[in-house]
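Lettered A, B and C in written order, each chain numbered from 1.
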Amino acid sequence: MNDVPSIVVDQLVKRFGAFTAVNQVSFEIRSGEIFGLLGPNGSGKSTIIRMLCGLLTPSSGSATVVGFDVARQAEDVRRHIGYMSQKFSLYNDLTAIENLQFFAGLYGVKGRALDERIAWAIKMSGLAGSEQLLTGELSGGWKQRLALGCAVLHRPRVLFLDEPTAGVDPLSRRQFWELIHQMSREGVTILVTTHYMDEAEYCNRLALIDEGRIVEMGTPTEIKQTAVKGDLLLIECSPLGGGLAAIKQAPGVIDASVFGAALHVVVSAGRDPVTELPAFLAGHDVRVGRIEPISPSLEDAFVSLTGSRALSSEPPQ
Amino acid sequence: MNLRRTAAMSRKEFTQIRRDPHSLIIVLFLPLIQILLLGYGARLDANHIPVYVLDQEGSQDSQALLKAFQASPYFDVIKAVNNYHALVRAIDADQCKLGIVIPWNFSERLDDAGRTSVQAIVDGTDDNSAQLAEGYAQAVVATYASNVQLEWFGRHGLAQDASNPLSVDYRTWFNEDLESKNFIIPGTVALVMALMGALLSSLTIAREWERGTMEQLIASPVTALEIMVGKLVPYVGIGLLDAALCAVFAVGWFGVPFRGGLGAFFFTTILFLIVILGIGYMISVATKSQLGASQYAVLVTLLPTSMLSGFAFPIDQMPAPIRAITYLVYSRYYVSALKRIFLGGAGINDLVPEIVAMTIYALVIGFFATRAFHKSLQ
Amino acid sequence: MSDEIVQVDGLTKRFAGVVAVDNLSFNARKGEILGLVGPDGAGKTTTLRILAGVLSADAGAVLVAGQDVLVQPEAVKSRISYMPQQFGLYEDLTVTENIRFYADIFEVSRTVRQQREDQLLEASGMSRFRNRLAGQLSGGMKRKLGIACALIHTPQLLLLDEPTTGVDPVSRRELWSILYSLVFEGVTVLVSTAYLDEAERCHRLLLMYQGRRLFFGTPDELKNMLPGAVLSISSPDPQALQTAVAGEQGILSATAMGDTLHVVVDDPDRRLAQLRAGFEHAGVPFGEPRRIAASVEDVFVYVISQQETQQGS
């Protein structure tokens, strides 16, 4: 990794009529960095990506991708980027190699570079020996790596990933992220948009987006530490249902929910819940087995930052 | 069969049709568009067909026959030639569509045997207009003298069976003013039913598969029979409505007579709908995809209905093997019933052969349709 | 045991010669959430489909509430609810119309339906959207409506195939709280998921791999299967740390996250010095290794890669 910014976004705004989809968004991504835009559906993530690909013109503000202005030099921008989403348009009725050849043709990869890149993509995606299988017959993990291969055939300097591992099993997911980390080490800048926490955990830095604004930015660890107001506790108790009902009435409890065979409880900071809560629950005929503080997950952070709004959010029309 | 579940199925299906713009277009506009197109655009009447004549006799009788042609709005006698080759050349050069040859012994034979013949040479490149020209010429000759026969010689396509003396066909019996719209329009009701019914019903099951709702239906207590009946009932209703719409339009707009019974009309329509919807449903069960289903539906219903039902192309003018095949085409019986109801004034009692044939079809298709769908993913 | 509402014994299913489910046995008790976990093609969906009576099996027995689903699939359908991955909603019907359709199909009486409908829509925060077309709902709300439709006839057993795929975290939490409230009412829930953080929310887990059962027990029991311990090391460049130590003696796995490295070691006390040396050699700053609780994902990846190594050798 070096410190040359690969993507610079400055006060970017996109309005659709009276609706502001992206509101004063600014961030910089270094070359070789894996940067995540994390937000609920309709938060403005894909609008940002579309502007960075030169598909939408910003209403105001500016953005450059590898030095090219996205509004004025969209063609130059597109030559240097690759794009892959979970809904990546692979042709299921073509073989793996035919898909690669097709996308190579689209990107104008020719001659020796073509053979070399296709051979590389086959090896990278682990499809050696299965090149002649129809894409529709491949498993999710293979399809996903093939899609990645198609997206980077032309050696882009910036790679956009839109929920790349949604619905793929954990093992394939880990393999996929290893490939992404390798590319990042080779200097490819990676911008991930997602609402999946496990995808966000693999990013070097994250921006949490809600209603078109960045509400928090930092490394996954920083975000987990700052976002959750209060302390998170795991409480094993019986009966569980009675415990849940009772603890919601306890002083200092902000939120409580069932988690497997236990409760997750958020208590406002500065209290002593480990002694207070068992006593309170005992008064409601609930016996506490285990109570211990746990560190919040990225999902906890996400829900606490966007929760109230996401609940009332209506789908885009 | 549980009535509540079946009714729930029907209600759901009907709501979906009501909300789907494509279905609504098929239900409401397709019938009108088809009947308008076929009533006007694809109208088979051809006026002012160019005719060359070769009058080898030059008698009063032959002149009278030519005058009859001249007077007909369907023909324009544009030139008289004096030898056979000139006539043939004119047809080949597309200067005329029909050549009339009055033989040198025309009057003589007319007097002697009460039978004589006139030769007609028709341009067979356009099969349809050739048939029309034949029909019109036949009618002209028939009005001139019932015992004058035409001997037909086709150029190009029609050569093989052209020498058969033509019988006076169907249309001149019931359709005395020779208007092909009266002949065509009653048959369009069959075309509309076939297309609308098969298209819509072929989508019903395929749509459930494609949208992933079928899996949940299979996992519920609803039975295969309830699914089928529930889904098809709304289409029977819509089909009857469309049939009525077509009939009103045919009578009100095109002035086609409706001489038969309403009961016969709706009864045969219901029988026809059962066959069509059953076929559409089975296609839907078999293909599981909306696109594939609609393509097969058009193939299996529209094609035979438009080509082999006698809707536009008279069955008795088809070659014998094709004519034999038409007996297997279910829409043949409905088209025949429709024509007899509209033009011939038939009621249920007059339509026994058609109704028997259609009932057999409905029973057979119904039998297979109820067994087509199994509640399983395999 | 009488409270075992689902008993599966020796279940086998083949598709054109490929074994999708291989001699699978498990059970589910009244009022528990059993998670079906496994990679793509592990046989989770096939298993749920057989339980739902929409697919036949080649061998084995599946008892739901004492009835054999394989022999008489229709007999149990009124007691089961099944939500496939594509959660069978009619997108061109409104929220209420969808619920009423399924209520009629399951012959729920009108008064019960009205009561249940209000209750379910209230619990899922959808009361305001009664007259909205299902196709115009967000992904999360579609799932919740799918579940509401599945619950309208108060089933004893709820089968959910990947209900949270494509759902944002807030809706996901709501979904789970709906599931927990069902469990308190005594409903048994079988849920398949590819998200392992969700597996921790289940009472018991059935870990599947290539149609076979790899593990069946509680999440805590599963975590005990992982030998050694998980260490978390924060670093601005976890990839560099990973390359430095991956594959070394005693390092069972090393996964680079965004700003931390997760390392599974056989013996933390013995390996700490070894790790430090490796990291220092990489020349990248790193924080003090911290021992963290193994996640289901850590164990899952470990168990599956063990299986794959065994098969490879």
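Throughout what follows, contacts are C-beta pairs under 8 Å (C-beta built on N, C-alpha and C of every residue); 3 or more make two chains touch, one makes a residue touch a chain.
This one's a predicted model, so the numbers in the text were calculated from it and none came from an experiment.
A.B. asks: List every chain that touches both chain B and chain C.
C.D. replies: none
A.B. asks: Give the label of the chain whose average Cα location is farthest from that of chain A.
C.D. replies: For chain A, the chain whose C-alpha mean is farthest off is B.
A.B. asks: Could you tell me the distance, in whole angstrom, between the mean C-alpha positions of chain A and chain B?
C.D. replies: Each chain's C-alpha centroid was found; their separation is 61 Å.
A.B. asks: How many Å are there between the centre of chain A and the centre of chain C, using C-alpha atoms for each centre?
C.D. replies: Inter-chain centre distance comes to 21 Å.
A.B. asks: Which part of chain C faces chain A closely enough to touch in the complex?
C.D. replies: Result: residues 38-42, 125, 136-141, 162, 165-166, 168-171, 173-174, 176-177, 180, 184, 194-197, 200-203, 218-219, 234, 236-237, 239-240, 242, 255-260, 297, 300-301, 304-305 of chain C touch chain A.
A.B. asks: Touching chain C in the complex: which residues of chain B?
C.D. replies: Interface residues on the chain B side: 2, 4-5, 7-9, 11-12, 15-16, 19-20, 211-223, 375-378.
A.B. asks: Which residues of chain C touch chain B once you look at their complex with the stated criterion?
C.D. replies: 49, 52-56, 73-74, 77-78, 80-93, 97, 100-102, 104-107, 133
A.B. asks: Within the complex, which stretch of chain A touches chain C?
C.D. replies: Result: residues 1, 34, 36, 40-42, 139-141, 166-172, 174, 177-178, 181-182, 184-185, 195, 197-198, 200-206, 219-221, 240-241, 257-261, 297, 299, 302-303, 306-307, 310-311, 313-315, 317 of chain A touch chain C.
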